[in-house]
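Let me begin by presenting the structure, written as structure tokens, before commenting on it.
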Amino acid sequence: MKTGEIANLLGGKLTGDSEVEIDLVAAFDNAAPREITFLEKKVDHGQTRASCVLVGEDFDGQLPCLIRLKNPKLAFAKIAAVLQPPKKNIAGVHPTAVLAKDAFLEKDVFIGAFVCIGENTQIGDRTQIRAGAKIGDSVRVGMDCVIHANVSIEDGATIGNGVILHPGVVIGADGFGYVRDGAAGYVKFPQIGAITIEDDVEIGANTCIDRGALGETRIGEGTKIDNMVQIAHNVQIGKRVIIASQTGISGSTVIEDDCVIGGQVGFGDHARVLSGAIIGSQAGILPGKIVRPGVWWGTPVQPLDEYKRQNAHLKGIARLKDEVKALRQEITALKEPGK
Amino acid sequence: MKTGEIANLLGGKLTGDSEVEIDLVAAFDNAAPREITFLEKKVDHGQTRASCVLVGEDFDGQLPCLIRLKNPKLAFAKIAAVLQPPKKNIAGVHPTAVLAKDAFLEKDVFIGAFVCIGENTQIGDRTQIRAGAKIGDSVRVGMDCVIHANVSIEDGATIGNGVILHPGVVIGADGFGYVRDGAAGYVKFPQIGAITIEDDVEIGANTCIDRGALGETRIGEGTKIDNMVQIAHNVQIGKRVIIASQTGISGSTVIEDDCVIGGQVGFGDHARVLSGAIIGSQAGILPGKIVRPGVWWGTPVQPLDEYKRQNAHLKGIARLKDEVKALRQEITALKEPGK
Amino acid sequence: MKTGEIANLLGGKLTGDSEVEIDLVAAFDNAAPREITFLEKKVDHGQTRASCVLVGEDFDGQLPCLIRLKNPKLAFAKIAAVLQPPKKNIAGVHPTAVLAKDAFLEKDVFIGAFVCIGENTQIGDRTQIRAGAKIGDSVRVGMDCVIHANVSIEDGATIGNGVILHPGVVIGADGFGYVRDGAAGYVKFPQIGAITIEDDVEIGANTCIDRGALGETRIGEGTKIDNMVQIAHNVQIGKRVIIASQTGISGSTVIEDDCVIGGQVGFGDHARVLSGAIIGSQAGILPGKIVRPGVWWGTPVQPLDEYKRQNAHLKGIARLKDEVKALRQEITALKEPGK
């Protein structure tokens, strides 16, 4: 692809040769000729061998070939998807795969080795199902999905279009619910609800999303979930939510649209995070808590400002102790002036 | 099943038509006709289309058809297991499964596609082993178990009756133990011990339970473990213990019968939790700590009352600082009355 | 193996019969005749039926057959590897395995049932790949590795010699990186970098190590990683690092050689842990933080001494409050002596 074409595609303003061939994307420091890179800073402090650099509109430095645009990192992500699209296996069903008789594959589906597809399950156009994925009965997988190796999708799950499930993901396992029956121990509460993953969701390796107990677990459109995240029964995640690795969300908690959740955060059950909230890593949210928009931190979670103030107070306790000790001495002196 | 039969089975007192047919269970708000639901509250504040409602003995509201009993939620769980039992594949061995010559299947076992069963391994009556599960050598799996897709059970593990392992569970991998050999780095300490899962244990997706180093790792009867829990070598978990998601238990720690452990809790090694203790989510238990019965919270873990008191004190530091400042001014005034 | 041979092999000094046959290793308390065990304490306070005991050079107790050496636990680990080496399947390719035409197996490789090996992938001498492991295209696995059941290795990964990957490990999945495109949501940042696991690394069950975004993720020689650890894109882990279970390391963070990291620790992105640091369990390291050698604890992480002091201060707040209250009364008395 030529630099001129790239500038057109991205809607940027090219300075330099429009006929340079670009094959690959690369980081600024490691790029080679015939590669394109990007720079977020106004001035470059390094050197690059890249043949073309995407920069901001206010870029102030000197580079032989550059394209100015509003958001160079976003533009870089977009051109990377064109120049180096994710691997697509050629459509077809591997001879080792086991498909139920009434499983229905739409057009141009790829089914890898040792894949199982259950009864009454439907796989949408151009979806890729990699080796060893196990898809249960009555599952619906949309178009243009990539289901990676060793994923498990349990019966009745609904997966939208453009969904990516990384290796080891488990969708629709039973939630964790029991009723105590005295000395006899625990009786399993029914875990027979639905699980819906909307369009353009990406889910990281070994993440688990349980089905609803009686109701539904739902992950909203465009939401991105990192590795080893736990999402319990009946959780509702909105659209365009970001959830970093190892976070756990207890039953029936709601996270509304456009929230950003750090790593290793723990949510109690029946909490609600209002649209636009940002929650820092390792925070703990108590059951039933409502988290308003803004930046939150700590356990139990509090607004970042309060958290910082409290932390500063904590650091000041030693000084406070010394001061109280000094006051004690002065009062003693006042009371017993002769001493 | 008719409402009269259900009332008999559950030992409840029916008010209303005993001949209504019930097919399914459902949540109170979403139930449809021919479905049964339950209500834990004394009065209902909503409406249900369910044909029958399980309620407490002291229920005070108006419903066309209800069954009074001591614990309506428990009764609901029990009738759900009758009306909507978990899927059972028809017994048989899928032609793609690979069984060692001396693997021994008892009666009515189901073995799914791409399952491996190792040498000298025995699978009990009516146990279901779903697609892609890998079971090593000299493993003993009891009766009426469900081993879901892509589970791994390593050599020599012992699994009781009625055990459920959800997708991606790993039983009996090596524990994490090494001896430092100076500059040469770490030498693996032997991880050759036993791993025993007793009857009626349920283990959530992608949870890992390591084998003993030299001794045994054991999970007691009726214990329920959520997704992505880590249980290290030589841990002993008692009977009827509840462990929520993403909790980690270090080597040789003991959790006695009837404890309840929240999510994301971390246990140091060689700790001991006495029977009946309840530990809140995200708590941290130091190595060797003994946790007595009661409710515990925080890191390092402390009784919930103390935790709350300390948290209140923390919130009060700012006020304390102001008070000390005021005292300082008053003392200064006392010392220099002329000023 | 005879006790005399063992003493020679380990470089220890035997006291007792050099002709006793030893078959197995065992713990001190549970050992049987024909077994060898070890004791770290100077005097034994228990009884053992072991035929031989490895003890320290300053051992002071009475045992019928013992071998004195510098580090009895290390010696025990070494002799265990000789007496009870890990299982080795006989070399060969299981007929159900699916190998790409140009996959290249070196000498004495074992490939289990339902294994996939992609195009242009190379497996080194004596490496064992267990049932259900999925290895992508252009992967290089070194010699003497053990890849356990249901492991997923994505395209282009490089795995050194003597590496052990436990069941469910995911190597080289996409990292978690997106660029926000206003109301349209998130665009995937390219995750096309490299992933390198150096020699003698051991990785616990269900751990995930993502590939670099544009650069490389690297795990250094002799590093040992426990179960369910998350390692994000572009992380650099040095040599001989220990990382306990459920720890999460965000993008581009560097952990230098010979560090020890506890369980459930969370690292923000772009942090750096200098060689020799020890970080306690559940600690939280802020993005960009530099952690110097020494012992660290808490969130945000601080030197253990400071953490302890601060914790003691915290415990003292109640007393401080009482003292301030008393001062207030005394000052009031001083100001109004008549009252």
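Points to keep in mind about this one:
Order as written gives the chain letters A, B and C; numbering starts at 1 within each chain.
Basically, contacts are C-beta pairs under 8 Å (C-beta built on N, C-alpha and C of every residue); 3 or more make two chains touch, one makes a residue touch a chain.
In this text the structure is predicted, and so the values were computed from the model without any measurement.
After Cα superposition, the angle needed to carry subunit A onto subunit B is 120 degrees, rounded to a multiple of 5. Interface subunit A/subunit C: under half of the residue numbers present appear on both copies, so the contact uses mostly different residues. Measuring from the averaged C-alpha position of subunit A to that of subunit C gives a distance of 26 Å. Looking at subunit C, one finds that residues 96, 114, 132, 150, 168, 206, 228, 246, 264, 314, 317, 320, 324, 327, 331, 334 touch two or more other chains. The touching residues of subunit B, counted against subunit C in their complex, run 96, 98, 114, 116, 132, 134, 137, 150, 152, 154-155, 168, 170, 173-174, 176, 178-181, 185-190, 192, 206, 208, 210, 214-215, 228, 230, 232, 246, 248, 250, 264, 266, 268, 284, 299-300, 309-310, 313-314, 316-317, 320, 323-324, 327, 330-331, 334.
Within the complex formed with subunit C, the residues of subunit A that make contact are 25-27, 30, 71, 73-74, 76-78, 80-81, 84, 87, 94, 96, 112-114, 130-132, 148-150, 164, 166-168, 200, 202, 204-206, 221-222, 224, 226-228, 239-240, 242, 244-246, 263-264, 281-282, 314-315, 317-318, 320-321, 324, 327-328, 331, 334-335.
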